[in-house]
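Structure first, commentary second.
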Amino acid sequence: MECIILNELIDYDGSQISSLWAYNLADVQADSIIAFRGACDVKIEHMIDLEDKKQGDIIFSTDMLHFIIEHFDSTDLKLVYARQRLFTAIVKEILSSRLSEIERRGDDLFINGNKLTVSIASTSAVSQKIHFGINVVHDYYGSLDEIGIKGDEIGILMNAIANVYFNEINDIEKDLRKSRPLDVI
Amino acid sequence: MECIILNELIDYDGSQISSLWAYNLADVQADSIIAFRGACDVKIEHMIDLEDKKQGDIIFSTDMLHFIIEHFDSTDLKLVYARQRLFTAIVKEILSSRLSEIERRGDDLFINGNKLTVSIASTSAVSQKIHFGINVVHDYYGSLDEIGIKGDEIGILMNAIANVYFNEINDIEKDLRKSRPLDVI
Amino acid sequence: MECIILNELIDYDGSQISSLWAYNLADVQADSIIAFRGACDVKIEHMIDLEDKKQGDIIFSTDMLHFIIEHFDSTDLKLVYARQRLFTAIVKEILSSRLSEIERRGDDLFINGNKLTVSIASTSAVSQKIHFGINVVHDYYGSLDEIGIKGDEIGILMNAIANVYFNEINDIEKDLRKSRPLDVI
Amino acid sequence: MECIILNELIDYDGSQISSLWAYNLADVQADSIIAFRGACDVKIEHMIDLEDKKQGDIIFSTDMLHFIIEHFDSTDLKLVYARQRLFTAIVKEILSSRLSEIERRGDDLFINGNKLTVSIASTSAVSQKIHFGINVVHDYYGSLDEIGIKGDEIGILMNAIANVYFNEINDIEKDLRKSRPLDVI
Amino acid sequence: MECIILNELIDYDGSQISSLWAYNLADVQADSIIAFRGACDVKIEHMIDLEDKKQGDIIFSTDMLHFIIEHFDSTDLKLVYARQRLFTAIVKEILSSRLSEIERRGDDLFINGNKLTVSIASTSAVSQKIHFGINVVHDYYGSLDEIGIKGDEIGILMNAIANVYFNEINDIEKDLRKSRPLDVI
Amino acid sequence: MECIILNELIDYDGSQISSLWAYNLADVQADSIIAFRGACDVKIEHMIDLEDKKQGDIIFSTDMLHFIIEHFDSTDLKLVYARQRLFTAIVKEILSSRLSEIERRGDDLFINGNKLTVSIASTSAVSQKIHFGINVVHDYYGSLDEIGIKGDEIGILMNAIANVYFNEINDIEKDLRKSRPLDVI
């Protein structure tokens, strides 16, 4: 797995959730988590969550941290959704050191009842992907700014989150290689 | 999925990690999480983690909360390990409302640097299972007693953890049924 | 799994075989069987069976019972085809109480040598689906009318078929959760 | 797939449900259905269905038709259970030409409310297997004798059932190779 | 599996890598290897390898042997890539009887440092496919002509390669049906 | 993946084909190929190939190169058999630089009609494994000695084979991460 932190700003428009975006962008030929900062404005044709699409939801933010995860080891929907929830829990764990009142509801985080994040997960015939976005600032929704995370801390946070997921996956891969099969009653 | 809270004490000796234990115990014919309280003394022949087995580790506690999870929807090792990590994160989230200094390292929780929990996950040809145990009291390791969770709160906590996992899995199953497949670059 | 009987007429044009149609129609976030009545006129761009497409087959009926089944638990072609055959056998079992001369050839039913039904099954990256249609009346092919099933019996039959499949799947899910793995010679 | 009819009598004691029994018996290196006639007396250590085991069920018959199916193309429990139900429906279809009052409840057949058959399905790490037995004669349960199937008809029936399943599987394999993937809403 | 040798010339333009091409062409309803001879000129919209696409690679040859392999038994990327490498090794083995200096680098063959072949593998939701092309003559790249394989030998070679892969797959399918599962330490 | 060359002699008795042997031996928590030299004397209880078991085959050699491969990424029998054939082809490619008359028949290599190698592959619920052994010297069967590979060349060969497989697998993993899914006719 590779962990890549992009320094340039990239606006997330939903095309980045496509399979093989990482290869196209940076010749990545491994499972990967790629983190970057930029606005968020998901076009209707890139919406993966049909609930958003039905409701004509605007997924819009002027400044977000984005995490794009791609795994090629399986196209099982259940696995990518379990990983998405685990990623959400990881983000909560990291943010909780700054603010203990963060609440996780499924794949969403809330501060003071305000939605702080957006996320989606799905599969194609070749890979599984997760997008997770965290508002840096926002007029209406929750934001890192509201927790007091700003300036250089933003980049440090982006780095920390990407690396913790990277390490968690590597650690899982090692753990599952030392357990014998179950007995049966 | 079924969520079952057992009122009687059951000592965990490692046989409960076997596939189909839930059916044998209580005719459960569904994926399940079963919670109970009791001592923990894992016999060497029931050890799933070869690291414990090699080191002749004693997995022993006089009083623990036990959670036994069984899923029949897949025998993929990666999925059961992702679920195990997610479960561990859930337990941390619940305990954090009492003590914010709980640390998660993979599938273990620590308080003040002391290990609070034990856990293992694996598969057989028919199901995947997770055991997760939390010390209620312990002379040497971390315990709920140390966080100040005692008396009736123990049962309430046991209930809460089992139900949150139960709801999380149901919520995932609903979420993955409204996302369209990914596009490809 | 959910079993949904629609009272309004819906014409089947082949778009209903698409993954996530149930969610789009009725916010269904479960595996499902949806039954409705309406004409059948499958557009060439919605034909899944390339044999029909090659032969420029007209799949047309003015009045049919339609069953749309969607499972998200696997995208294995073999499984959805086994389920399609099982569904066909179920329909035969139910109709046989009215007319014993119904013949099943694969996923088709015949009465007096006339084709009574149409069916297709396939998968996308996220789900597996089956469409099964039964002529209520037909000038050329076999029909329920020909067996003497008409009036209120049509709705009763639609209900019965959907519910028997629903129960069969639930029963299978329970059965597979009480069998231990095979030994090996 | 191979379809093999054994002429010698073989008593079914439950060991025949083990993976690779067909190879051991007759060097079969293909998916297979093997039919034979003989008594049935399943030893407790060969019981796959834990419900039978718990209830100390005696699975005993002096004269049965036995069908042993083995597939190596998947070890998915859901697939072998769908195939088991399909096989049961096939047996019902064939017997119904003799007696229309045969009832199927899941993987069991009944005549006049009496159980005519026994069946089990499961998987090992290398294959999936089904056993299906039909009483030829029986003092207490239903039997072919009761339907009036006796003498040479027994062998003819054994042949017919095995061949219909063999053809059904071959037909499914052909069908799934001409369907394009689903669209998505 | 079917092994089909086409006598007419067919130019490979990349559309033949699509799933179900064999059914469309020749009503093939089995896994298959189809061999033919013709030019090669892959249109950009049919390029599967994003590396070629990014580099605007021209995949062009006036005369090639083409092998199109399709398997419906799995949509696992790892399996189709292992089969692609095995196929490449098979071609090398056959050609080595004529020229020992053939070098295999992954899925490419080289003679005297010149690339002799092109290949790609991928999956859709219903099947996995491999294309493998060998230059018969070429001004710039390596070719069979350069090894001294020409005239009637071209057709014999085409036949030999297709049949050896066909036999290898059949042999694998037989081999995996006589091995018991592994023990565990 | 890890590539490990053991310097000490280890006699292969069949226990090394068990899942998790690598972890038990050397705390390996990755997919791995482990190479070592030693005698070969497979006990009947460790025989995986039932053909050998039935025939009471003696798998015996006083001096062999052994390769033990373990992958945890899948328990698909088809994949481990494709990898076994690919490994066999790799060994042939390497040896062919010394002797061009090496013949591969499935997973066996022959020199001058004499069997040079033994091999087996299978899966457990947690991993897939391959054993491949090459006679260094042998009175009756083919051997490296017969090809003229002896002394220090033995160790060099052992290294080369293990590293080429290691690189091949890594290369496949990279290749499959740059191919888009197939179109469909």
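Labels A, B, C, D, E and F are assigned to the chains in the order they are written; within every chain, residues are numbered from 1.
Operating definition for what follows: contacts are C-beta pairs under 8 Å (C-beta built on N, C-alpha and C of every residue); 3 or more make two chains touch, one makes a residue touch a chain.
Since the structure is predicted, the reported quantities are computational estimates derived from the model, not experimental observations.
Visitor: If each step moves to a chain the current one touches, what is the fewest number of steps from chain A to chain F?
Guide: The fewest touching-chain steps linking chain A to chain F number 1.
Visitor: Using mean Cα positions as chain centres, tell me which chain lies farthest from chain C.
Guide: F
Visitor: Of all chains present, which has the mean Cα position farthest from that of chain B?
Guide: E
Visitor: Would you kindly tell me how far, in whole Å, the mean C-alpha position of chain F lies from that of chain B?
Guide: It comes to 39 Å between the two C-alpha centres.
Visitor: Can you check how far apart chain C and chain F are, centre to centre, with Cα atoms defining each centre and the answer in Å?
Guide: Roughly 48 Å, centre to centre.
Visitor: Going through chain D residue by residue, note those that touch at least 2 other chains and give them in order.
Guide: Chain D, residues with two or more chain partners: 19-20, 23-24, 50, 72-73, 75, 77, 122-127, 175-176, 178-182, 184-185.
Visitor: With touch defined as at the start, can you tell me which chain C residues reach chain E in the complex?
Guide: These residues of chain C touch chain E: 50, 54, 75, 77, 122-125, 184-185.
Visitor: Where on chain C does chain D make contact in their complex?
Guide: Going by the criterion above, the answer is residues 15, 17-21, 23-24, 46, 48-51, 73-74, 76-79, 81-83, 85-86, 89-90, 92-93, 96, 100, 104, 106-107, 120-127, 129, 168, 171-172, 175-176, 178-185.
Visitor: Where on chain B is chain D touching in the complex?
Guide: Interface residues on the chain B side: 20, 23-24, 72, 75, 125-126, 180-181.
Visitor: Going by the contact rule at the top, pick out the chain A residues touching chain F in the complex.
Guide: Touch list, chain A to chain F: 19-20, 23, 28-31, 72-73, 124-127, 173-182.
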